[in-house]
């Protein structure tokens, strides 16, 4: 049954690697189970080692899965898809390197999608560290993959401003007061992308990608609820559950963690097959995720078995 | 002077922020206050840097434990500060973005800051694993509910869940584990989160009111200093 | 004089060549015109002052052209035009020279501009003479509204005068931008500021009601009315934990988290710290309070000092009970972890604002065999505390705990007000359920906040 | 102890040099400055491993990496704040000549002098560094607190209170078409009425019971107590779900780091 799910490339070496690492992890879990049954403590460094192997093995010997977009993700995708070319989309990169592995894939996927559709994209960030990451993304995705797009016409990078919520509180009525120029010192008035845009009210879609504070919650409170512009979000898995109360009224959709990114990527690749070669980091990450999840579930089961056995022993006494 | 003025400032600014929400002509004032805040926020960064310098210089001077590492901190601080404030190596000169690709600031960010911070957070993966092994036990009814919910989500968020329950026909699709996970997120999770959100929201609202009215003064610190 | 006539000659020459060039291009145009028929115009164009703002904006609404998304499906966008008097060019040129000018000249120009700005409403009265239609913006196909938003600063180029007659027109534009159909003109319309944002009335009502409730109960509590607060498991456990620590002769670790002194969670934590410190002083146990923020540290020091004084043991207090560690998240965690593993405290308390470090702290504390009591209003961290700690104060319980322990009338009063607000939520939710089931939209609309 | 420390140090240093050489040689064909390129990658790998070594136990390598991080991050925030907000927003409103120096467009205005207020407040904030005049910092602090309190008061009231209450106005029966239809379809899609209706009920009852759990001024007894117990179960499902959901996030961070080690440093994968 497992074989059917793993789309195995015809490289014998990685097949062997996969089998060996799976066997190793299985044997190790069995060992932990036996130790736990004997009521012996397992040092947590061994637990650490296991999770390292469970994550590292599928990176070396990739296992890939198919994903199907869930409704909450598809809503964001469909919104980007349904807007006519030339729509103004604001993408906020509100994250730092700490969360980047999780949300960068969705930031890339959404940027790609918007630019493929011909939307005019406004990039900004509320995190100082976000600007440096934004620079990297722009170099890689925007300038690297869409060289025909012009800065200030098809996209613009506003960069970072200090002040968290207060930045949002200003741009909700006036972009130019907060951002007299873009990140390179070009006045907004001289860019065509800002011709018809005075405030957040004049945008067609706002997507905030974040995972901390300030992040999506601040965007909802300070911008989303105040302007009549649809708002989507992509967030780190840590904060996703607490944003559900905003869906679907205050947020049109939500991408949660790497799975959200993987679902978005799968939808994107289905619609635009030529984008597949640009990379699908979210989908690739689901391999290690799956193995790590299985190991963690195994830990929970083992922990509970040993808990019940020790409790029964105590009762017998 | 030391206590009254701050309370008056808090009251005035708080009131401006509240009333401008309802009275459009005050909006400009609110915006200006927000912009003031943004500028002060930068001074708070400077304060952070100043504090850091003070602490580590003190540590060095008094040869406290681990003072050697203070040299590392100060060294990193000054190199980064010079790279940032002077825009060293920035191909676009003074007008360009400080994070232009190729500038020293961006290089240090990419090769030093980024690996450090992201690895620190990556440590959490290990602690999640050890917590699930050690602490996730069905000790009582509440803990059991928590455990089951977590298990369903864990299973449902990976392709493995579909593998196990994919055979369940479409008309009973809610019993497929991934769909169960979606349902839990959309219904009970939403309800619980909303209850917490309303509770915390009320706490924030009530505390804000107390701060503006000057009833709550803890943030001002002690009376004498 | 010679110079001027030369310029005029040059101008005429240019005009001739241009018109000649246009004639050359003309046949190509007609071919395209043949292929795309002019689209149907937009209908029902209305212009209104922007709602609930401080003026300086006009909202246009229209019904889509019949060829937008239907019919020939040829409409690509809508160009929005406003009739602009030539006088506005004069104003612009004053602005241009003002930008370049300095000193006395600038002063004079500024005066001229100020005089000119006052004229704006008047020159708009001359419609349709001495002015022309100018494009002010574009709406994409499918969009049926446009906001013409100006700036209220008179110095700005984008200044839009209130109480001025404006006229608008919307063109349906096809892929060939010369093939377009203009709508009927709408106007005159004036913009003006509103004094109250009517879209936000529900919020205003809530502000008044909640403000009143809070002040009412605070005053009542101050006058001495007893207010009940239910016991919280986590707080009941605190006393036991302190007793246990005393028996074992081990210290108690109190972590205030990463919040600043202005965070609600931290403020609540100060009250709990005060109570814990008092008990600790009474039992003569050792207390350890490592701090992340320097300001939080000074406040915490004061709190602990006062608690020791309160317990009648001011001599037992020493400065190093509360100490500053570092203002870096993971460095702080590493230091606190080190303290836990070295001192092996009997009880660890984590109260306040926590981020990603929550699980690392709680896991290490469990390794050290301590009893752990946590409380935070950071929802994302609650699951970790609940899993890894013995007792956890969930969100609002942290605030309630400080009221329960502090017994201060202010806190008790506002807690009571919050409870009333919650009761209102329950009642409203029940009514809303009925309203939604019976399609009773009037009730639901009461709660819709627009703008 | 001393000797073992020296041996470990020497080994780590040796490995570092070795890695540098290997990495540089593999980069030689692609990059011009391959020596520097190799050093950069090796150094970031070293820092990554130094932090990971904390899992074994606290050690000098971890301390080195962490102290470096503290210094660099403080300076990074300072530089970014200076260039983006001070140079980007403040100087254009204060001085024409400084604007020219920093090459930012000057923004003249009649009331620009008010922008000296945040500068003064900011300088007062910096006075916290002095023990004698530290109390001056309370003024800007009061400004910060006032701004937040005012902004949060109305926005939380709106988004986390009124909007949430009105979002709980859900119909009891969604598109009712009779009992037979109701129980015949358990799919999650729009046609699955059973799931949609039960979902609405769970949201409604869950929110109410959850809020009842957070009632503090009333004893949890009788029906009220029962509702509060249901409330805590709902909260437990919420926390369980959040925990399960979060695992994915935490693992992703590790995937990111290991990918870096394997791809950028060791060149094991492409």
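Things worth noting here:
A, B, C and D are the chain letters, set down in written order, and residue numbers restart from 1 in every chain.
Simple rule for what comes next: a residue touches a chain if its C-beta (ideal position, glycine included) is under 8 Å from a C-beta of that chain, and two chains touch if they have at least 3 such contacts.
All values derive from a computational prediction rather than experimental measurement.
Common neighbours of chain A and chain C, listed by label, are B, D. Among the remaining chains, the Cα-based centre furthest from that of chain A is the centre of C. Sorting all chain pairs by how many C-beta pairs they have in contact places B-D at the top. Rounded to whole angstrom units, the spacing between the C-alpha centres of chain C and chain D is 18.
Taking the mean of the C-alpha atoms as each chain's centre, chain A and chain D sit 13 Å apart. Residue numbers of chain B whose C-beta contacts span two or more other chains: 18, 21, 27, 34-35, 37-39, 41-42, 45, 48, 51-52, 95, 98-99, 105, 109-110, 113-114, 117-118, 120-121, 123-126, 128, 130, 132, 134-136, 146-147, 150-151, 154, 157, 182, 185-186, 189-190, 193-194, 196-200, 202, 204-205, 207, 209, 211, 219, 221, 225.
Within chain C, contacts with two or more other chains are made by residues 200, 203, 207, 210, 261-262, 294-295, 326, 330, 356, 363, 379-380, 382, 384, 386-387, 394-396, 418, 421-422, 425, 449. The set of chain D residues that touch two or more partner chains comprises 54-55, 66-67, 69-70, 73, 76-77, 80-81, 84-85, 89, 103-104, 128, 141, 144-145, 147-148, 151, 153-154, 156-158, 160-161, 163-165, 167-168, 204, 207, 211, 214, 235-236, 238-243, 245-248, 250-251, 253-254, 256-257.
By the touch rule above, chain D contacts chain A in their complex via residues 55-56, 76-77, 80-81, 84-85, 88-89, 92, 103-105, 107, 147-148, 151, 155-156, 158-160, 163-164, 167, 238, 241-242, 245-259, 262, 268-269.
Chain A makes touch with chain B in their complex at residues 1-2, 5, 42, 44, 47-48, 50-52, 55, 65-67, 70-72, 96-101, 129, 131-132, 134-136, 139, 157, 159, 161-164, 166-167, 169-170, 173-174, 177-178, 183-185, 241-242, 244-245, 247, 259, 286, 289-290, 292-297, 299-300, 302-304, 307-308. On chain C, the positions that touch chain B within their shared complex are 52-55, 152, 193-197, 200, 203-204, 207, 210-211, 214-215, 218, 261-262, 264, 267, 270, 294-295, 298-299, 301-302, 324, 326-327, 329-330, 356, 359-360, 362-363, 366, 377, 379, 382, 384, 386-388, 394-396, 399, 410, 414, 417-418, 421-422, 425. Taken together, the chain A residues at the contact with chain D in this complex read 45, 48, 51-52, 55-56, 59-60, 62, 98-102, 128-129, 131, 159-163, 165-166, 169, 178-181, 185, 187, 211, 220-222, 225, 236-238, 240-242, 245-246, 249-250, 256-259, 285, 288-289, 292-293, 296. Only residues 18, 21-25, 27-28, 48, 51-52, 55, 120-121, 123-124, 127-128, 130-132, 134-136, 146, 193, 196-200, 202-207, 209-211, 213, 215-216, 218-219, 221-222, 225 of chain B touch chain C when the two sit together in their complex.
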